[in-house]
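Have a look at the structure below before the remarks.
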Amino acid sequence: MSLLRGTALSLAFDDHAILEAVDIELKRGEMLGLIGPNGAGKSSLLRCLAGSTQTDSGVLQLGEQRIEDIPRNEQARRIAYLPQQTEVHWPLSVERIIELGRIPHLEPWGKLSERDQQMIEQVISGADLLPFRHRPFNTLSGGERARVLLARALASEPEILLADEPVAALDPAHQLDVMAMLAEHCSRGNAVIVVLHDLRLAAHFCQRLQLLHQGRTLAVGKPGEVLTPDNLENAYQIHLPDSQSAIDTLLNITWKRIPK
Amino acid sequence: MPGIRGFILIWLMLAAGLSWGDGRPPSRVVSINLCTDQLLLMLADADQIASVSYLSLQPESSFVAGEAIRYPTNHARPEELLALDPDLILTVEFTDRRLLGLLDKLGYRVARLPMPTSISAIESNIRQLAELLGQPARGTALIHKMRSALSQIPPQPANQRPKALFYQPRGYTSGSGTLQNEALALAGWSNLAAEKGIHGYNSIDLESLLLGQPDQIFSSTYTGETRSLAQRQLRHPALHHITHNRPIIEIPFKYWICGGPMITDAVAELHAALPNKP
Amino acid sequence: MLGEIRQARLLGLLCVIAGSLFLASLLFGSQTIPVFQALQETFADTSSVLALILTEVRLPRALIALFAGATLGLCGAAMQAMLRNPLASPGLIGSASGAALGAVIALYFGSAALSQFSLPLGGILGSLGATLLVYLLAGRNACTLTLILAGVAINSLSLALISLLLNLAPSPYAVQEIVLWMMGSLNNSSMDNFWIMLPGTLLGWILLLRVGRALDALTLGEETAQSMGVDLPRLRWRIFLAVALAVGSAVSVTGAIGFIGLVVPHMLRPFVGYQPGRLLAASALGGAILLLAADILVRLLPAQTEIKVGVVTALVGAPFFLYLIIKSRRYNQ
């Protein structure tokens, strides 16, 4: 059974097609990587799945239910969305930002429950943020910020996490940290859709990839099936000399973070 | 009849040139202020009056609106005044200095009456203007009439005078040295504002007014059916509570806008408002 | 640096300060009266002068300061949170001047036959109109500069129209009241004034009761907030309507008292850990404190005619505003 299924999703702005009949499916426990060149429609697709943009046509289902039939708050509990560039508008402390993740679970007047507190603690230590928990967000480095924002999304215990380029502008070590957090989330029976530009990370961490090009799905499947010389040439307009062996290297590379 | 017209013309030129202190009463008097309009209409012969100000036609501020209709009106503009060719221009102390300067330069005779702040000052204005107009007997008669009207009002013993004050929009009141103060006294009231040491036309603080515990509040606005924050202040509930719900009595503004014989009517109205009149 | 304080403790502290200032504003007036005796008389016999001064002169003034100050503080905090802009406030983005314009039209040009509630109604409509106009002019995701420019434009327009209308108004007193509308004053307020501002003010507050969480979520931007379950269009309308109701009613009685909505949220933000939701209640109390204090000050200052309370809030607020600008300049470098 799929956790999330989108069928024939289409979106256009002023007659300019952004998405054209895109199908997407997400299974429990998997990390699906959305790849494709800039402007392919990856972020738009993610926004549609997150409900912040309405598709013009198509059906979006969460489990067995159509998304329109699910109350807003329940949607928010089941799906968390991490936009590409999240600005934090006030210098809240790390702990306060992560607390925000619990909002979908709270009554309008309710305080954080024991369970909420537990979850927050778990996420803070899981994201290795214990030393920073009282630091204002604006004093953190880029890598720390990315971890905090991801931790906020994870704090709501979403069965589906939609992350739009969560590793952009991070150094390799921090990229691995963030990807490891996403993988950890999947391993608990949840699922992640992540937009990536780094094909090495995509190949390494995602069970399936979906390659978008000009608003359409060019290929979908296991990394080895999607990352073919033809697909890459068509989608990215790049030519790889001796491409298949390069791709094999890409698929087989294993990076490990040196334990701290 | 060109002869007669020519004669009049020459006579006018002579009159204009010779009227300075020749003892002959002025015959083309122009008043450019409501206050002098009123006294002029009360004291002068009809054929002495050349023009009165347009303000004298407005019944809400003028006591002489009925009579004023018979005369040409002016707006105190230099062009109008030149065309009227007056031999005496009447106005009050506070008049546009540039207009006065211009009239002086053109050689017109201008008489300026002070703004009276007491009954004796009103009498002195009447006397002065009656002299100027060559009507001293009318002046004396008018003063006499005023005094006899005032003497009709029985004096109130000093220890039985209820407290009152004028309260105007924006919280202004009339303290000592004002016509309202003298009128209140003559009518048998004691003026709370003057007791509080307020001199002239000045603002009084609401708490200070309440602490004075007036028995009656008078007002005298010239605003008609208009609305403003200033006027809304007169509806403050505390003002009604303090006088035990006696409504604020409105004394028409035209009694005071110019000091004149009409002050007697104001005194009579104030007197009629006394509580427990004998 | 000033640190976060537990919410209950913070609100308790602010309540105590606001309560003390409220009592102080009953104690101090232009005249010195034996307040204790006045209190006794108030409870015994309402027709005594001291009781009258206490209940009809000082009480309405203190109540209006409390409610109008709280409204400005609360609405400033709500607007800053919604627009995620520290310079948004009823005074800067036109809500207050629009309210004054609406109230001026209702008061000076409305017929006397209209109910006295036409005054706050005019204020509410004016406030809503001006706020929406600024919002539309500046666009949905306006940066600070655009928002301020749109606010300046609408403020100037409102103030110019107020001046024009007061010059044209039939009442001879109207012209002298321009300053009163622009600076705000609590002088000579009566219980009637308080009663007419109360319904709109309370309605506005009620609308803002449950927006705290949504505003917290907005800290992370509109998209994230939406994904967290916030119905953004509805939230926007709710806040605009609430601000119009509360600020419109308050300003129609007090005039446009400036800077409270700007300064108070800023001063209190560190104490609530910068959380917009927590800031709302604190800012409401802070606004009440600032206006009560300013109003006590104008009563104590020796002056021939009473200084407008808006003058004091501006004297406190304008330097603070400059400080904010300098601070934000340093951030951007």
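The letters A, B and C name the chains in turn, as written, and every chain counts its residues from 1.
Here, a contact is a pair of C-beta atoms (placed from the backbone, for glycine too) under 8 Å apart; a residue touches a chain by one contact, two chains touch by 3 or more.
Remember, predicted model here, so these are calculated numbers, not experimental data.
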item	value
Centroid comparison with subunit B (C-alpha atoms), farthest chain	A
Identity of the most central chain, Cα criterion	C
Between subunit C and subunit B, distance of the C-alpha-averaged centres to the nearest whole Å	46
Subunit A and subunit B: spacing of chain centres that average the CA atoms, whole Å	87
Residues within subunit C bordering two or more other chains	none
Subunit C - residues contacting subunit B, complex	29-31, 33, 47, 49, 52-53, 56-57, 107-108, 110, 112, 169-174, 176-177, 180, 188, 190-192, 305
Sites on subunit C touched by subunit A in the complex	4, 84, 210, 213, 216-224, 226-229, 231, 269, 273-276
Interface residues, subunit A side, partner subunit C - complex	47, 50-52, 72-73, 75-77, 79-83, 86-93, 96-97, 100, 103-104, 106, 108-109, 136, 149, 152, 156, 162
Residues of subunit B that touch subunit C when the two form their complex	169-171, 203, 205-208, 210-211, 213, 222-233, 235-238, 241-242, 244
